[in-house]
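For reference, chains read A, B, C and D in written order, and residue numbers begin at 1 within each chain.
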Amino acid sequence: MSEVMVNPSGSVPPPAPAKPVERRDRVIIRFAGDSGDGMQLTGDRFTSASAIFGNDVATLPDFPAEIRAPAGTLPGVSAFQVHFADHDILTPGDAPDVLIAMNPAALRANLKDLPRGAEIILDADEFTPRNLQRVGYSADPRADESLAAYTVRELPLTTLTRAAVADSGVGKKDAARAKNMFALGLVSWLYSRPLDTTRGYLEKKFARAPQILAANLAALNAGYAFGETTEDFSVRYEVAPAADFPAGRYRNISGNLALAYGLVAAGRGCHRPVFLGSYPITPASDVLHLLAGMKQFGVTTFQAEDEIAGIGAALGAAYGGAIGVTTTSGPGMALKSEMIGLAVALELPLVIVDVQRGGPSTGLPTKTEQSDLMQALFGRNGESPVIVIAAQSPSDCFDTAIEAVALATRTRTPVILLSDGYLANGTEPWRIPAVADLPTWDPGFATTEQWQDREFTPYSRDPVSLARPWALPGTPGLTHRIGGLEKADVTGAISYDPANHDTMVRLRQAKVDAVAATIPPLAVDDPDGARVLVLGWGSTYGPIKAAVQAVRAGGQSVARLHLRHLNPLPRDLADVLPRYDRVVLPEMNLGQLATIIRARYLVDVISVTQVRGLPFTSGELTGVLKDVIASVD
Amino acid sequence: MSEVMVNPSGSVPPPAPAKPVERRDRVIIRFAGDSGDGMQLTGDRFTSASAIFGNDVATLPDFPAEIRAPAGTLPGVSAFQVHFADHDILTPGDAPDVLIAMNPAALRANLKDLPRGAEIILDADEFTPRNLQRVGYSADPRADESLAAYTVRELPLTTLTRAAVADSGVGKKDAARAKNMFALGLVSWLYSRPLDTTRGYLEKKFARAPQILAANLAALNAGYAFGETTEDFSVRYEVAPAADFPAGRYRNISGNLALAYGLVAAGRGCHRPVFLGSYPITPASDVLHLLAGMKQFGVTTFQAEDEIAGIGAALGAAYGGAIGVTTTSGPGMALKSEMIGLAVALELPLVIVDVQRGGPSTGLPTKTEQSDLMQALFGRNGESPVIVIAAQSPSDCFDTAIEAVALATRTRTPVILLSDGYLANGTEPWRIPAVADLPTWDPGFATTEQWQDREFTPYSRDPVSLARPWALPGTPGLTHRIGGLEKADVTGAISYDPANHDTMVRLRQAKVDAVAATIPPLAVDDPDGARVLVLGWGSTYGPIKAAVQAVRAGGQSVARLHLRHLNPLPRDLADVLPRYDRVVLPEMNLGQLATIIRARYLVDVISVTQVRGLPFTSGELTGVLKDVIASVD
Amino acid sequence: MLAAKDFKTDNEVRWCPGCGDYAILATVQSFMPALGIPRERIVFISGIGCSSRFPYYMNTYGVHSIHGRAPTLATGLSITRPDLSIWVVTGDGDGLSIGGNHLIHALRRNLNITILLFNNRIYGLTKGQYSPTSELGKVTKSTPLGTLDRPLDPIALALGANATFVARALDSDRAGLTEVLQAAAQHSGAALVEIYQNCNIFNDGAFDTLKDSTTAGESIIPLRQGEPIVFGPQGSQAVVRAADGGLRVAETAAVDPAEIVVHDAHRSDPTQAFALAHLADPHTLQHTPIGVFRSISAPCYDDLARRQVNDAVAQAGFPETGAGDDAFAALLAGRDTWVVD
Amino acid sequence: MLAAKDFKTDNEVRWCPGCGDYAILATVQSFMPALGIPRERIVFISGIGCSSRFPYYMNTYGVHSIHGRAPTLATGLSITRPDLSIWVVTGDGDGLSIGGNHLIHALRRNLNITILLFNNRIYGLTKGQYSPTSELGKVTKSTPLGTLDRPLDPIALALGANATFVARALDSDRAGLTEVLQAAAQHSGAALVEIYQNCNIFNDGAFDTLKDSTTAGESIIPLRQGEPIVFGPQGSQAVVRAADGGLRVAETAAVDPAEIVVHDAHRSDPTQAFALAHLADPHTLQHTPIGVFRSISAPCYDDLARRQVNDAVAQAGFPETGAGDDAFAALLAGRDTWVVD
């Protein structure tokens, strides 16, 4: 361990680095520590700085299901991976180039993901015999061969931080808690990241706690200075801003935030208030929290007594003419089944957001999965078709939310929007749309005038969309009764007539199928006439696209198609699929969309599945694609 | 109208009929009247008499969703169709040969189902202008050409009954209420049915109301005598006992009753008490009612506060070592989704009975449908495989119930048993099994002894079935904790490990798939190497088999295969399907099993669907099969 | 001015002849004009059950939803549509068995809705199973040897959930029911009205004690705001405070008139209303209070929720004018942005 | 003889350091040996929430079920397994929000189970949303401008549902909690024990008033069977009956000792227990009664259910001996049979 000089002042680090700078086109860093170590914040700040610097970024937070698992234990490890690059990237990266391990637990939990040659920065202060033993290390891994394959930087982070913040006046505990900022400063130096956005962030956050602010700023600066000064680091790196972004103003955004924004935009789009009826559940709760803070945009949020009440209230609000939305995750989705069925029978617009997580049952609440597709399609009694669409990236949640509301209001049919834990919490840069460019439409309520010459028939239909009239209570002349019993075609009166039931079942299906006619033509990404098509949906977008790029970079051809519309499927899919010798379909489930595609098109889809609660790595997909390509050659 | 002599005495009708007797091989009678007219009872008694007489019988009750719709209205019509024959029949018949219409509503509601030449017996007393107008007859159908295609017998049934029961001492209202017995007596004469079982039945039922008994007996006898005497009927018919029944003691049985018996037999089979946790819902409620009356066989029934509590209690009981069962229908099934997911995660035996009805939502509560298959397979969050089996006929519910319990206890996995409204209420003769021949098995609980040398691992597995140990609370040494979070393989401890999750998801799937190895080889009914296979599941068994017989009777070949196991599918299905040029799959839904078969085997199944809330007629299926056969010729 | 007949629909009423639901329907229809609200601004929302068919027979807006969940739809509607008069119709099974949780939460939130709970102490629509209000030991289709569950009293439960308006009425008592409906409709917040309703098919005569003129007087304790609680022939019986603070019934003649409890539904402590509820014998219906048990004023969830939103909207201006688009643009941009040219 | 440590499991306890759940766990573990029941005959069943992780830490049988549904599993188990001691652990969200209906029905059925409801007035596991017991106006993640729902009081709700045993205790008060656990365990039938529990991450200090030695004396009203209800320093405060029959707090010195209400949890009328529950101010926790509010004896659903079955079995003899096979054969045959040879 080298002696170091710490610069505890809040001054800006020397602008011209004294050490040589090497260029990298992309870097993957994983911050890992105790749940209480602030790793999510650290990662988030590093990401922001990188994004503002102009890199493309993608992130993967990975935190325990416990609120605060006991310090220093394996289950208590919280990690945040950020991938930043000078070019368009699509995933948070397969394997970290650098691991920041704030304690032995963080090292142990993450080591298996590190490729040989990776760099490890660890807090040596935490490698006490007790801590090591707590996570099952019988011997200090630093002492044996365990870490031989890596470049290890052992730094007394806690000691260094304490020293750095000594003057700030905070107590011992708060001093130690600033060590994430020391680490952030150090890594910022190492990758030539600016510190100013983080400083601004801290100033705002701790505006009312000047001592803690001082400590955090001191730690941040000290970390930066430490990098510059210590002999541990002989070189620093630089990742140039990405050039391939379309012009515009950007921000970094998570899927849940984009979803919340999208719902607000949709309410604005059709001039209706948004009503969210929801019950907290990981990883969907943040949408509730975020929308609860957007009341100024006419959004009402209602935390219901359970999931059924949440969707019931949303349906009641939709009946009254609001944009009724409910948000949940898998188990909550199961509880909503019966009410979704009612919405199908009532033929009212309703948006159901399922932020999927690992299942079955309570499963893996904080992990990601795509395993609710079948539930979304079929999880109700009777023939109960709904529209199902899926977002493909964090920022895409914005557009998908708008589309979900538009489809629901136009067809007067429930729409299920599938997101997942990875999209919800992962982030990426987003080109902020101009508000004036956002879509607007008319919800087209039934009016007294339209019906003044004839009896109102709540189950008559638009000839093209097959949508029924949406007649709001309060509209004179249109009083009517609807319910979950089968209804007579056109009049909506209760009907037990056999032929009518058959007609109505097929009409509801036809109405959903008719949406296919409104889906834009598929844009297959196939620059050079490949023989293998890789098909995807939802959050596999990034890993698949990255794998396709890797395959192409290797000189091979592969086509790519990502589906947003899962029910109904796009009409031209029937034309696309037969063009290829092989269709590969990676999913984070046991092959749910593959089942649908096989059934529908009788194509012998190669279903590639993993259910690890984590996104595919682009590396594994690259391997799979290469194998399939080889098999057709 | 002829003058008639009514014989009000309780004496047996003349044994040797004075009128000529014609032979018929099969007859279909539909009794139709007001909900309050006792048509279900009348039909049931006629069926019993026919069955005891030795005919094969099949029945289709069809009653309104309302408890008592206002008398004389179309929605208030209750009907009961019985098909009886001198040979093996499979359905309640496509179209009635005879309609007994107790009022204009019954006539109007049922006329459309009558083939030309059918006989109509109607209560002329009820054809008042007011009653006619009430059901929308602007003119008396007896007066215009409406009934020209039929043989109509207009009888003053009410008057005749009143006269017949005049001496019994009952009031006017009770007198008129006996007219169903008059009609039964008349039809019994017409088809040469014995009256004694009905007499016995009435004597038991009205043991404590001697006047009502007298009235009913008088009406019954009078109806019989009336047939013999009146000139309206010049001929009577006879349907000989069926010869093609295997030897044994028989009874008539409905699906719900057979299901209840099957559950009792299963409890006996593995020497465990049966616990039913249920919430009333049509058409499943009778299983609850029936089992509530079988406490002497160690059965406990618990009417819960809702469907979730019903299945939750069943799961709790299963955890404690009872045979946990829950019964419901579509909407209740939707509510149980989340708890089924827990049972999947806990890996405990549980039997979930879904007596399907018309959907979506509340749908058509009293009608039949097969539209919950997808919900059974996929209606839960995450990858949540369960075993799914379906009963094919009323009496088959007995065997299916036993198999469901056996599979659940052996695999420690939830089993969904699909029945439907048609099976539940329909009846057929059942060869009563000898109790000694019923299967028995050992539930194989984990014991202290088995584990005395090692730590108990609740998620270790049987190498063949992959079932985990079923360790009951109360067993010393095996204390353990289970739950809905993902569990570590073998130990069952909570595990968030990615690779473990993937392993466990696949293990649960493999365990269910492993059941396929225990399914007996498929018995395809294909006597002469047909090119077309008709595949079925559930209650389409009867109509399909009848259609196949009709096709073969017409000299054409068609193969038939009926599936009981829907998840997993039998292994040899993969061999069977490719042998045929065409596979036809009729379903009372929009093609749910067809989707699965297509996905699994990439066979271009011809999906034949109807969603009318009624079984297929064998006639329509015969037509479909002939068309398909023609297309391959 | 509307009349009762204006609230009738073309739908044929499909309850069993003689069902108590008819009487309730007639009373509600004849009460409706007094509301002074146009038909199109009235909404009836129900669950599933015989009682829940009610909306089909009201010429207003109506939703026949799913079993037990009517209060949830009413919640969303009441929060977003203050211009409507929202009525929930439920049964003892719908509202207290499967839907018990939604009921208590709607009550504690004090939403602007009126809940009519038709209590026939049986499941009618599913043909005669017992319900949470069925008396102990009742023999029904699902309990051939008698029920084992101690019944719930909807009044006591509602008070336990801190409901602001709780009342009870009888299907056949048109005047009394109308009075209670009136009070419930005037109440700001959630009102629960339990209506004893005869199911003449599966539980006939369940409330005969309260209807038969020879027994009604001694069985019913009429609750009249501000009046001493006396009942029976010539007010021969009275409700007085027991030594232990509870309530008991005594001969009016035998007690000091000052001891007779004066009914006050407006007191904020629900204890007295709770005590009144417990005077009734669930088995014999002896001493069943009829009328308004509790009626207090408290803020309504929906009013407060709208106020939060409206205040926020007023500050930001969105979206009717379009003026909020700047604010929305600022929201979308958030804190950290960068520009790519 | 078992000791507290025998009830510890190998599972690492994963609550936040400082969480009140630790104290409850320690108390329960040390209380368990007093039950005198072997570990394998004890079952803990929970729903979902921080509190619901409890079973993992008890070396007994245990099920961590799904959100709000623990009472349903306990119901099936208690009916079929009278030999077990069944404990339900739930939270204010799990037990009163999503699971409110199962809770009231389990209580009214009076099943032989003990329900521990950890009330931290917040959703812990999902990171800080308000719960049905959160005080009005509370700012949480889902209510940035404050909650609008009037809170539920689990004690009042349970009494409204006719619960036979209702008590309240404090996480940090080992002796008091132990005493209440003891009473609950001895109670035949369903016992609800509300335990105020500090969530030091999302609702820290929620019960400090009741714990801080400077305020506890004046805030807590200890309930002791058969004793006059006095509290505060030297019993300076007392609970007396108000003129209107309700309860109020008075200076002990200023009232006639005979006026002071004597606590009797055994009275069959729940009114007094209900009145006690309403002494507490939900916002400030002033005058919070702690101890057993109600404890009455009533038949238990599960006992009655088993009796119905056992009586029927005893008459018919089935299935252990096989003697019942004749009866079963008769059942299968029914009334109308015929023979085909």
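The definition used in the following text is that contacts are C-beta pairs under 8 Å (C-beta built on N, C-alpha and C of every residue); 3 or more make two chains touch, one makes a residue touch a chain.
Everything numeric here is computed off the predicted structure, so don't read it as measured data.
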item: Winner on C-beta contact pairs when A-C is weighed against A-D; value: A-C
item: Most widely separated chain from chain C, with each centre as the mean of CA atoms; value: A
item: Centroid spacing, where centroids are CA-atom means, of chain A and chain C in whole angstrom; value: 44
item: Chain B-chain C separation of Cα centroids, rounded to whole Å; value: 39
item: Intercentroid distance (Cα basis), chain B paired with chain A, Å; value: 47
item: Contacts with two or more other chains, residues of chain D listed in rising order; value: 48, 64, 66, 97-98, 100-101, 105, 132, 145, 305, 308, 312
item: Residues within chain B bordering two or more other chains; value: 75, 295, 305-306, 331, 338, 341-342, 346, 361-362, 483-485
item: Contacting residues of chain D [partner chain A, same complex]; value: 12-17, 48, 50, 64, 66-68, 97-98, 100, 123-127, 129-130, 132, 141-145, 201-202
item: Interface residues, chain D side, partner chain C - complex; value: 97-101, 104-105, 108-110, 132, 145, 148-153, 156-162, 241, 244-247, 261, 264, 267, 269-272, 274-275, 278, 298-299, 301, 304-305, 308, 312
item: In the complex with chain D, residue positions of chain B that touch it; value: 48, 51-54, 197, 201, 245-253, 261, 264-265, 267-268, 271, 273, 275, 277, 294-300, 302, 304-306, 308-322, 324, 338-339, 341-342, 346, 431-436, 473-485, 493-494
item: Touch list for chain A against partner chain D, complex; value: 66-71, 73, 75-76, 279-282, 285, 288-289, 292-293, 295, 301, 303, 305-307, 331, 361-362
item: Chain B-facing residues of chain D, complex; value: 9, 11, 38-41, 43, 45, 48, 55-56, 58-66, 69, 71-81, 83-84, 101-102, 105, 305-306, 308-309, 311-313, 315-316, 318-320, 324-329, 331-341
